[in-house]
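Chain lettering (A, B, C and D) follows the sequence in which the chains are written, and residue indices restart at 1 in each chain.
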Amino acid sequence: MLQEFINTRQYSEQICQVLDLEDYLLQPEEHVSPAKWHLAHTTWFFEVFILEKYAKDYQLYHPKYPFLFNSYYELKGERIQRNHRGNLSRPSVSEIYKYRKHVTESIVDLLKNNDSPEVEKRIEIGIHHEKQHQELIHSDLKFSFNENPLFPVFDSNFNEDDQEDFIGEWINFEEGIYDIGFAGDGFCYDNELGRHKVFLQDFKILNKLVTNIEFLEFMQDGAYKNPLLWHAEAWDWINEKGINSPKYWHQIDGEWHEFKLNGLQKLDKEGILSHISFYEAAAFAQWKNLRLPTEFEWEVAQEKFNWGKRWEWTESAYLPYPNYQKASGALGEYNGKFMVNQKVLRGCAVTTSPNHSRPSYRNFFHPHLRWQFCGVRLAK
Amino acid sequence: MLQEFINTRQYSEQICQVLDLEDYLLQPEEHVSPAKWHLAHTTWFFEVFILEKYAKDYQLYHPKYPFLFNSYYELKGERIQRNHRGNLSRPSVSEIYKYRKHVTESIVDLLKNNDSPEVEKRIEIGIHHEKQHQELIHSDLKFSFNENPLFPVFDSNFNEDDQEDFIGEWINFEEGIYDIGFAGDGFCYDNELGRHKVFLQDFKILNKLVTNIEFLEFMQDGAYKNPLLWHAEAWDWINEKGINSPKYWHQIDGEWHEFKLNGLQKLDKEGILSHISFYEAAAFAQWKNLRLPTEFEWEVAQEKFNWGKRWEWTESAYLPYPNYQKASGALGEYNGKFMVNQKVLRGCAVTTSPNHSRPSYRNFFHPHLRWQFCGVRLAK
Amino acid sequence: MLQEFINTRQYSEQICQVLDLEDYLLQPEEHVSPAKWHLAHTTWFFEVFILEKYAKDYQLYHPKYPFLFNSYYELKGERIQRNHRGNLSRPSVSEIYKYRKHVTESIVDLLKNNDSPEVEKRIEIGIHHEKQHQELIHSDLKFSFNENPLFPVFDSNFNEDDQEDFIGEWINFEEGIYDIGFAGDGFCYDNELGRHKVFLQDFKILNKLVTNIEFLEFMQDGAYKNPLLWHAEAWDWINEKGINSPKYWHQIDGEWHEFKLNGLQKLDKEGILSHISFYEAAAFAQWKNLRLPTEFEWEVAQEKFNWGKRWEWTESAYLPYPNYQKASGALGEYNGKFMVNQKVLRGCAVTTSPNHSRPSYRNFFHPHLRWQFCGVRLAK
Amino acid sequence: MLQEFINTRQYSEQICQVLDLEDYLLQPEEHVSPAKWHLAHTTWFFEVFILEKYAKDYQLYHPKYPFLFNSYYELKGERIQRNHRGNLSRPSVSEIYKYRKHVTESIVDLLKNNDSPEVEKRIEIGIHHEKQHQELIHSDLKFSFNENPLFPVFDSNFNEDDQEDFIGEWINFEEGIYDIGFAGDGFCYDNELGRHKVFLQDFKILNKLVTNIEFLEFMQDGAYKNPLLWHAEAWDWINEKGINSPKYWHQIDGEWHEFKLNGLQKLDKEGILSHISFYEAAAFAQWKNLRLPTEFEWEVAQEKFNWGKRWEWTESAYLPYPNYQKASGALGEYNGKFMVNQKVLRGCAVTTSPNHSRPSYRNFFHPHLRWQFCGVRLAK
């Protein structure tokens, strides 16, 4: 655990090695946070959930940092409005690295002398929390760089797209009762617990994710102009926002390009489709006369295919499992309060940190969001 | 069927007998439609879905009425923006009654000589469609009158609240596989079809709806100020809108009143709670350390209790059943395109028209809406 | 005065004789008020500024009417939000006519026994106040009817356009000191008082208003696409709102039409241009390499030309004259508090009530508004 | 001129010496621009208005910089939306300094070999343009730092407040004809030209600016709660925004503080009032039963008092002088297109660059803006 903690803390900083100092500050929209904020917030998490409570005589590093770096924990007090995170040039990036160092060392000290399982459990949560933010650093920088007409390159070696080259095939499953939810000894979030039975009808699921060329056909068939393919609020959304392609696609001189972490590229037609909303995923499935899998079907089927390049939209709403119990205290705010109006995504993305996801992992976003690396797997 | 059609058409007009002419025009918010619009839209529905297609040589009553009275059917062409419905003083109310008479008589003629099951099926849909709007006329007028500082009375004899006077008791159900969805020969909507099996855990459900006094205790316990009880977006919603009580509650000179269809009344503490959002229903359940039932639990349990005074919020998201098939053509827009970001309500309300609801009926609203007669039944 | 009072009260009601009952309620946008509100508000004005103060033992007609019918007088207490005026179906139109009758008779009684010059002065203000609202009833109904795809006719005999058929000629004025402001014994508003000297340069002004054909040439020259003709905020305004013609112009099957009080008509090319904003007036003048007159030039020149069909935009901002004194009490809110960010209009419109305007009259609107009968006279 | 050019270019960079690298990027609101954008935009101005046209064989430094650094010149092509200026981490600050160096050197080369008066005239405009942005860098950084709960210090030695310590006295002026507008040989903007006669009534003006203590009395008298003191739209503005003090005043533990370029300070009661809107300036004058001077009174009177610490709001609207001629081409967009809905300010501020203002200088802002160093001088 000590090593995993240290590795995780280092990896966050390693991701940012390629940045210019000014890049750390970008927040072009409310739901995108600056890289420096992510570095500080993950540090704050360890400070207030662990050090303040369990490290003897621990003093807050700075009295105003909790106000600056709390995200949404009501029980942890007032905080800066989310859309103001990008307005903070101070503390400077170098100051935030000092803050990180101080808290990392304090946790290491605590761990060395610790025999409390609660401390260990919380550090484990903190590690996974930081891994989630590592993924967000990638997504947020991609979003921010895409706003810049110069299209800066994050890392010219980053490969978003590899898909094993095999034929898409349907995998069949029989109707019956299946067990759903986390089983085993390792770490999981509270929203995966309460393993329980679910009755599923017969279903088939594809062993391959949708590719760019398939989505291009959907576009070329006029799908963005055909109201019958779309949910009513999806139709309003594409028309109000003028949406007619996946998020990072740009038509330049009549040719489709895609902005990626390795820069602006010609669209790779065999590449895996990414950065679409649930609305678009569902309209695409409708156009194919197919559907998205439920999260239960996905969990049952996942052993039979490779996953891990894209978060995969499911038809399932993000709801509590039977017997769901929120954690007590502020950690209870981690998951439960988001269980309305969001969709479950399963799997993980090319930007997800190592050892973070698992078959029972439940990610969730609002159906219009598409700045994450989200893709589509079809079912029927 | 002929008689049911005639009765339904008459009942819509009967509801409006108590109105002043000016009352027909009110649209204080976008989601509320004027009574005259409801009267015309339900008529348009019969005209374009039935007469235009099946009545020989039928001519549209007026070439611009489809533009004025289409609600959301993309396949039926352009239409006036929803929030402009209240800006139409013409056609006048008396002209709309003439339009109704013309279409009603044309349908009667058609029905008398009809032997097409498709015509019959569509008229049945049209009848149920009009019944839904009869309920909306009540809800929309209540909303509109509540905006008027004079608090006009809709009908001084209308009784919203009767609840049989019995003790709330928990009813128990065993875990197992249950059948869900419409079974039988009568009418139902497409979203109830595809009867299928669902596995349910053990659960208990109350035989009684929540009353005003119980919700008052929730309020007096500071629940609207306690973020831990609320979904994150519910918390934002109550704070942005300044919400601190059910929709039609007014504190006047220190005393709670409730605006009802029979006018402004002192709050009846034993009355059945009404006009709360899903957000408030869920927070209330959380405060009780209980939960809302799922729509499946409700359907399984409903034989064992009385229902019919309030639409009952469930925890379930409004999603397609397995094997759900949208109707073809514009009627396919009736239900399916709303299957995202809404919650299922079961039962029916004191304002629901006779012979309209049934145990498998799936009503649905966005979780913040509360201008319908929505209430709460608890489960655990 | 008694007769003028009675005539004015009658004329308001006469204007409304052509309306359907539902027409009285229309408020399609916040700045447009329902006809029934105008009828009630002008009545409220007499009630609270005169009867309440000067009529012995006068009792308010209804305790909530001041809340419903106060427009913007902070000293007269709380009032309904402006954009909610259209949500009030009650009091009914017939009830408002009763209210009018009651207040009219009470004022007549008061006037018959009155020897207070203050009462007389206030009734005079009330008369002119009601005349302003008579014009607004026309403008607001035109706006409201134009929102209806059926284009209802207000009065088929109403003639908006007569312009004496003469050649436009420049009238010359010498530089020098001129006297500006009201002089004489009759009624005027406080904003015209404080007659004072102004130094004017040489100027020329046209004896004729701009016609539709001239504005059509401006449009056909691409003026709405040429940023150099527009103020910066005008440019933003036309682009955000998609404005490319005067307000009531409609292109139908390739031909320009104009919606008028006598219904939808083919554009009369010789007709007087109307319903344009200051922004458009200024851009038009710029396109002609001319300019709008100042309000001082207009006042000096007005004897030499006919005016009275359109309110004429001037370049002048609506500012207090030197030595301007606001009336005391709530009547001081009549004019002074609007003296920022508005433009002065001079003259009067075809809808202005008889005996209302005069050469020193200062009308004022925000520069983007165009639902009044506003036109253009050019100067250089 | 060469030396003035070099000095001006250096001074912009000198202002920024105190910044952290991250500070250059801040744009907390649309009307505030990042320091790095100011540095680049002033450079772009020299590049496209001078080098591109007059320097032989000049090549644009970077093909996309015009898109990034044009502010509002429609004739100079498309540009990034104003509120996106803060989203550009690239080009980096160091890259922008290189861009500055390149353009500065190119202008120096051009100037050395130049004998065109047009080039000289344009460089002079460019110099004054850059001086305006030097002031904006101060104002924008003050605004941005004030958004940060840590209240960063711009420069601990910056003194905003000195006011010579003398008694406020009224200076009298006789009615008569005065000459207004720029006279002389030096530089001025087009909006000051067209020297012309204006007739002024008798007036008196104070030789001293309003101080913080005076405004505090206004506040303590409940002025922000008294609608009679405010323009109607000012009253809406203070209530919508919750405004109850000048912009940078903060009440901390019951004591008023002021955020300044030298950091958060206790309010200096003798300090010169700053950062108020026109709305507040006018309400304050109304409360004193005085008024603001017109811009003509100010220009006539300015010889008799000291000015130069604050931009002084006048009652005058920003309108063209008689015979105003816009410059041709894109430079004509510099001033004229803003001549509606803005108020004239006269004088200059403590942050205005040396040799920039003059007695005939006409600054202008919308009446609600207050992030500039604006103050009040009273007249009657």
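In this section, contacts are C-beta pairs under 8 Å (C-beta built on N, C-alpha and C of every residue); 3 or more make two chains touch, one makes a residue touch a chain.
Source: prediction; values computed, not measured.
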Chains in simultaneous contact with subunit A and subunit D: none
Subunit B and subunit C, separation of their C-alpha mean positions in angstrom: 45
Inter-chain centre distance, subunit A versus subunit B - centres from mean C-alpha coordinates, in Å: 36
Subunit A and subunit C: spacing of chain centres that average the CA atoms, whole Å: 57
Touching two or more other chains - residue numbers and ranges from subunit B: none
Chain pairs that touch, as defined at the top of this document: A-B, A-D, B-C, C-D
Touching residues (chain side subunit D, partner subunit C) in the complex: 72, 74-75, 177, 196-199, 201, 227-228, 230-235, 278-279, 282, 291, 315-317, 319-320, 322-323, 332-333, 337-341, 343, 367
In the complex with subunit A, residue positions of subunit D that touch it: 20-26, 28, 36, 64, 67-68, 80, 84, 86-93, 144, 147-150, 152
